[in-house]
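Look at the two complexes coming up: chain A is in both, with chain B in one and chain C in the other.
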Partner chain A sequence: MTVAVITGAGVVSAFGIGVQAFFDGLAEGGSAIGPIGSFDASSFPTRFAGEVPTDIASMAETFRNEHLSGGDTHLQIDAFRDRKVVFGLLAALEAWNGAQCAQREQEAALSIALGLEQAFLEDFAPIFSSGRIDWKAESDIAGANIRIRSHVGLCADLLGKLLVLRGPTFVNASACAAGGLAVAHAASLIQRGAASIVLCGGADSMVNPLGMGGMTRLGAPSPRNEPDACRPFDRRRDGLVIGEGAAMFIVESEERALRRGVTPLARILGWGSTQDAYRVTAPRPDGSAARNAMLRALSRAALQPEAVGYINAHGTGTQLNDVAEAQAICGAFGRHTDSLPVSSIKGAVGHLMAASGAIELAACLMPFQRNLLPGTAHHREKDPLCEINVIGEQPIEANIDITLSNSFGFGGQNASVILGRYK
Partner chain B sequence: MNRIHRPTFISGAAAVSAFGFEWRGLGRALKGGHIGFSSSMQLADSHPGIFASEVSTIPGSIDAGGVKTQKLMSRPARLGAIAVQQVLADSLWNERREEIGFYFGVGASGGSMVELTEMLRASIVDRQFSLARFGSAGLAACNPLFAFQLMNNFTLCHGAILNGVGGPNSAFYSRGNGTVAALFEAMHAIADGDCERALAGGADSAVHEVTWAELEREGYAKQGLIPGEGAALLALSSSDNKALAIVEHCVFQNSIEALSMDLDAASIDFIIIAPWGQPARRVLRRIVETKFTRAAVLDISESLGDALAATPALGWVAALDLLQSKEAKRCLILNAGIDGGIGAVVLGQTPTSLEHRA
Partner chain C sequence: MRAAVVGHAWRTPLGSSVDEVVRRLLIGERAAQRNPRFNAETYACTVAAAIDVEPSPSRHQRFLRRMGLLAMETAAEALAASGLHGSDRVGLFFGYGGLRAYWNDMMPALEKQNEQGDDSWERGFKLFHPFWMLQHLSNNAHALTAEALSARGEGATFGGANAGAQALASAIRALQIGAVDAALVVGYDTLIEPETLVELAARRAAATRDVTELAAPYDQAADGFVPGEAAVALVLQRPEDVRDVPVAYVEAANGADGEKGEPNASTIANVVRGLARGDEIVDGAGRADTTLDLQERSAIAELLGSRAPLCCIMGATGQLGAAAPLVQTIALAALLRRQTAPPIARLRDVVEGPLRPLMKAESIDARAAIAISTGAPGLVGVVRVEVG
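Then we have the complex of A and B:
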């Protein structure tokens, strides 16, 4: 059977630009959660996030200077109003270059998880009069091409143009499960011979007024505006913290990678997805559908539960998710649960929403790259309702060969992906 | 690449469109030119006089969820959820629904404009948007659950939740091809053994103030695009038991140049094209005129408008009706989007498809 391998990775996170910055941040056991700086959130109930530590304008400028030589304007610089676009492009370039991709790799398909359109509420102001939107005035407004909202697939469109990709494009819109599903999909395309190489991953940002505001209205974020706002699996947890960024990968067959002299970073061994089919507003409490996603992944990988050496949990830090996920892990791993280290990086970088599954798969590469299992920032008090082996705030040294990442979406979509050390 | 030759059987279907809430008869109605446009009700205040293809008043007996649940739904999510319950009923899939896969082409956010307007009213002063006011008053002015209407994966999730569909799944953002990708993935999920049964289709609406404003700004309105809405699903199975038809072929690419259909053109007797805008229409007509000279051709957008992510799936279901009513033996459904993406799906009769369920 064709084995899908990861040959390149790129990350943009609250720890900075690049995989090494991400690994360094996790290795230090710190947290990059802080006050929002990209817009004035002082009147907002939620004012903390895992924000990428560069202002988007300078990032766009850097991008323009380094990657758009010759006055190339077809990439629509105003598209960078949508923060996730520049994150996705930067992460993809790092993965592309890291995997030593060249012209031949432009046959790649693209399987990317992207979050919702970014809404630009300020664009409504000139056409808002007498308490309503006057759409007739809209056509008279001069300005950016990307107005009112960006379109969901914008980052994918621009990536295709930037890298001159010739393969088909898939934009996964499965909320917080999308990143894991997009990478699993890439492996699936490779395994069935439907693509020879795939650029995959996810990019998202809800660190914008409507994104932050909408999530706050749902009551999902922690009400505390403090650096430890997100405390996954901790008894005191009270909500998630929103993050932003991207993680992108090059996935191809092992044979193809070796033929072109590239050493894989990991194997993609298995994956599975399910739907809670329970409630709009809550995960299935017994975690049975999430458990089944893990079991599907194990089955596809032809692995026994005992083979898994680490789980990167979805671990949002909300009351309901963490208990349900702990139940799911117990259900899938049985007696192995006690000795199976589990952590969540959401306390460190926040919840990257559509990109969370992708960046958490990047975290699953750290055990292979540095023999370190990421810690769970701000996890200090064990919750008796979460009977799993949660790694504390500091990373731990371990030499393990198999990692599993969980991603569970609003609406009940579940995804689990298993990676294997490349030997 | 990106082609499935292994047949997948169709066990049932559903369509929600201006034609109504029934898939049987859709293809024949399109062929007969019996579906027309009318002045849009949903855009009457914001864009008066726009003609559209809209789903009529939804009867309570077939609606999805209760009033409380419907407040969490965007219009495409509601239409999609109706289609899910209908396709499950049509295929008689009442057991082991937790194992059924679900792959859906979805569009952009379709939140309530009432909520958005309330939010803006509290946040805009003298044509200036105030972040301070938005944070302190604008957010409080909207329904706390408004965000659920904005999440486009809920176009899949509501239907799954209400009907217990719990197998492997993915929502693909679609400007046409995402819906074909959903079919492609559903077929592969069955072929790979991830599930024995799966739903595949799409739901979307162009009859939304923001979406229509974008289509106007991008020039599609001037080109004659008529906004539409709808949802359509096929129930796919590895089993040929009581199959209505076969999905023989599913292929898509980012450009016409990359698309290789590898079809026996002479065997295709009916073609449904689903273009998004005039340039796409021209591309599809050129393909038809050069490769499929013997086939009858129907442009679904000329009758149902452009329902964006839903349109290719409505085309598949219309084709299924033509196959079931013996008006066609093998149908090709071609779609093309504004991003250059192009897809091709072929549905054919099964030996038994004419024998059951008249």
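Then we have the complex of A and C:
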């Protein structure tokens, strides 16, 4: 059977730009959660986030100067208003270059997880009328901008153009499970020979007034505006913290990678997905569907539970989710649970929503790269309802060969992906 | 790999039953009318092909709008028609065209904001309904359908103009490898939204004439397509697991080429090449753009021959976005069973070129069809439908 391998990775996170900044931040056991600086959030109940520490305008300018030429105004103007698009482009370039991709790799397919369509308030200004949008007033100008400059596939569209990719495009919109599913889809394309190389991953940002406003009204974020707002699996946890960023990967067949002289970073061994079929607003309490996603991933990888050496949990830091995930892990791993290290990076970089599964899969590369398992920032008090072996705030040294990443989306879409050390 | 279609349901601009839609297709009827969804007098495109039924009252109205609710209805009907029930072995795959943000919902939050962006919570964001975010969640119809039908197997939600083809291909793959025993595939999309009509006008993709002056796809006078909408669901199983004769067998593939507008003909041909056997009739993408239409015909003729019959379901239903491949599957299955290909609705003056655009219903021997759908940016979906 064709083996899918990861040959390049790129990350943009609250720790900074690049995989090394991400690994360094996790290796230090720190947290990058802080006050929101990209817009005036002072009047919002939620004022903390895992914000990418950069001026998006200067980042966009750098990107334009370094990577773009010619007169494609669509590329030069429209992309850079949307933070997630810029993050996705930067992560993709890092992955592309890291995998030593060149012209021959432009046959790549694209499987990308993207967050909600972004609305830009300035686009609406010309067509506000008596508390409603009057589309007729400026239908040829502002309306076109709203639709064309912010559609959900914009990042995928631009990535395809930027890297001159010729393969099919898949835009996964499965909420917080989308990042994991996008990479699983890429591995599936490789395994069945439908593609020889795929650029995949996720990008998202809800650090904007609409995103923060909507999430706050939903009651998902922690009510505390503190650096430790998100405390996964901690007895005192009280909600998530929103993050932003991107993680992208080059996935190809092992044979193709070796033929072009590239050493893989990891094997993608298995994946599984399920639906809770329970409620939009809450996970299935017994975690059975999430358990089944992990079991399917193990089955696809032809692995016994004991083979897994580390789980990067979805671990949102909300009361219900963490208990359900702990139940799911116990159900899938049985007696192995006690000796199976589990951590969540959401206390460190926040919840990247559609990109969370992708960046957490990137965290699953750290044990292979640095022989370190990421810690769980702000996890200090064990919750008796979460009977799993949670790694504390500091990373731990370990030489393990198999990692598993969980992504459980709003509405109960579950995804688990298993990586193997490349030897 | 192909899958057997064992259940289906739809809401289309030509009707909600297969018999009604097929009857109207065969007499060359077209669903286009003056936009019935909202006043479009000042828009470049004033016509639309709309579904003329509303969703039944549902407790899910607090999370879902009209098209999502119709999608849920079709999913339930399709599963019931298949005789199957939800379980851990039933997968759920959704494709939808793109988020419809219902911008007017945002007005309470936006109308008192100022340019400085200060005090914005008090100026309006606190007025959002607690479920506002859920109403705009990309997978809310998926989640609610999973819950309603106990579909707990593998699944994903895809977005974009060819998301229906993506959902179909993923479902078929999940069946092939044994990850699920049945797959419910749901597509829904509407192009009859203000911002979408504006976008289509900016791309000069939609028709600009009045209903009485509209020209069909593949006609010399074509000046753009009619925006349509549909909600549709299919239930698939592995062919070897089906005891009775299935509705049809379906295969799906998709592609993209990064074009800002419609995909290149070569991209369409590359995707078709992966599915075609050479014995199919063609259901064209029907962009109603004389250049694109001719390029499509030339590219497909190289694969299926210059005399292959060409019909165009979306010439009758309007363009259906992500829902198109699923609607094409159901319609073509019914037509192939009747061994009749429908005319291209209101086709009067065919552009000279390869393939054989049908001006009237025609008896056919073919047992299979290739159906093409496209959309921006540069997206292609193709299904191959075969009856036993």
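The rule we apply is simple: the second predicted complex is superposed on the first by the 405 of 423 C-alpha atoms of A that agree within 3 Å, B and C clash if a C-alpha of one lies under 4 Å from a C-alpha of the other, contacts with A are read in each partner's own complex, and residues count from 1 in each chain.
In this section, a contact is a pair of C-beta atoms (placed from the backbone, for glycine too) under 8 Å apart; a residue touches a chain by one contact, two chains touch by 3 or more.
For clarity, every value in this text was computed on a predicted model and none was experimentally measured.
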Fit or clash between chain C and chain B when superposed on chain A: clash
Contacts of A:Ile242 with chain B and chain C, given as first, second, both or neither: neither
Which of chain B and chain C A:Ala195 touches, first, second, both or neither: first
Contacts of A:Leu114 with chain B and chain C, given as first, second, both or neither: both
First, second, both or neither for A:Lys161, with chain B first and chain C second: second
First (chain B), second (chain C), both or neither touched by A:Ala297: neither
Contact residues common to both interfaces of chain A (with chain B and with chain C): 39-40, 42-45, 114, 116-117, 121, 124, 128, 131-133, 135, 139, 147-148, 151-153, 157, 160, 165-175, 178, 181, 185, 188, 192, 209, 213-219, 272-281, 289, 292, 296, 409-413
Touching residues (chain side chain A, partner chain B) in the complex: 39-45, 109, 114, 116-117, 121-122, 124-126, 128-129, 131-133, 135, 138-139, 147-149, 151-153, 157, 160, 165-175, 178, 181, 185, 188, 192, 194-195, 209, 213-219, 272-281, 289, 292, 296, 409-413
Residues of chain A that touch chain C when the two form their complex: 39-40, 42-45, 74, 110, 114-117, 119, 121, 124, 128, 131-133, 135-136, 139-140, 143-144, 146-148, 151-153, 156-157, 160-161, 164-175, 178, 181, 185, 188, 192, 209-210, 212-219, 272-281, 289, 292, 296, 300, 354, 409-413
Of chain C, residues touching chain A in the complex: 42-44, 63, 86, 88, 92, 96, 98-99, 101, 103-104, 106-111, 113, 116-123, 125-126, 128-134, 136-140, 142-144, 146-147, 149-160, 163, 166, 170, 173, 179, 194-196, 198-199, 201-202, 253-258, 260, 271, 377-379
Chain A partner contacts - residues on chain B that touch it in the complex: 1-3, 46-47, 69, 72, 97-98, 102, 106, 108-109, 113, 117, 119-121, 123-124, 127-129, 131-136, 138-139, 142-148, 150-154, 156-158, 160-161, 163-175, 177-178, 181, 185, 188, 192, 194, 209-210, 213-214, 216-217, 252-254, 258, 339, 341
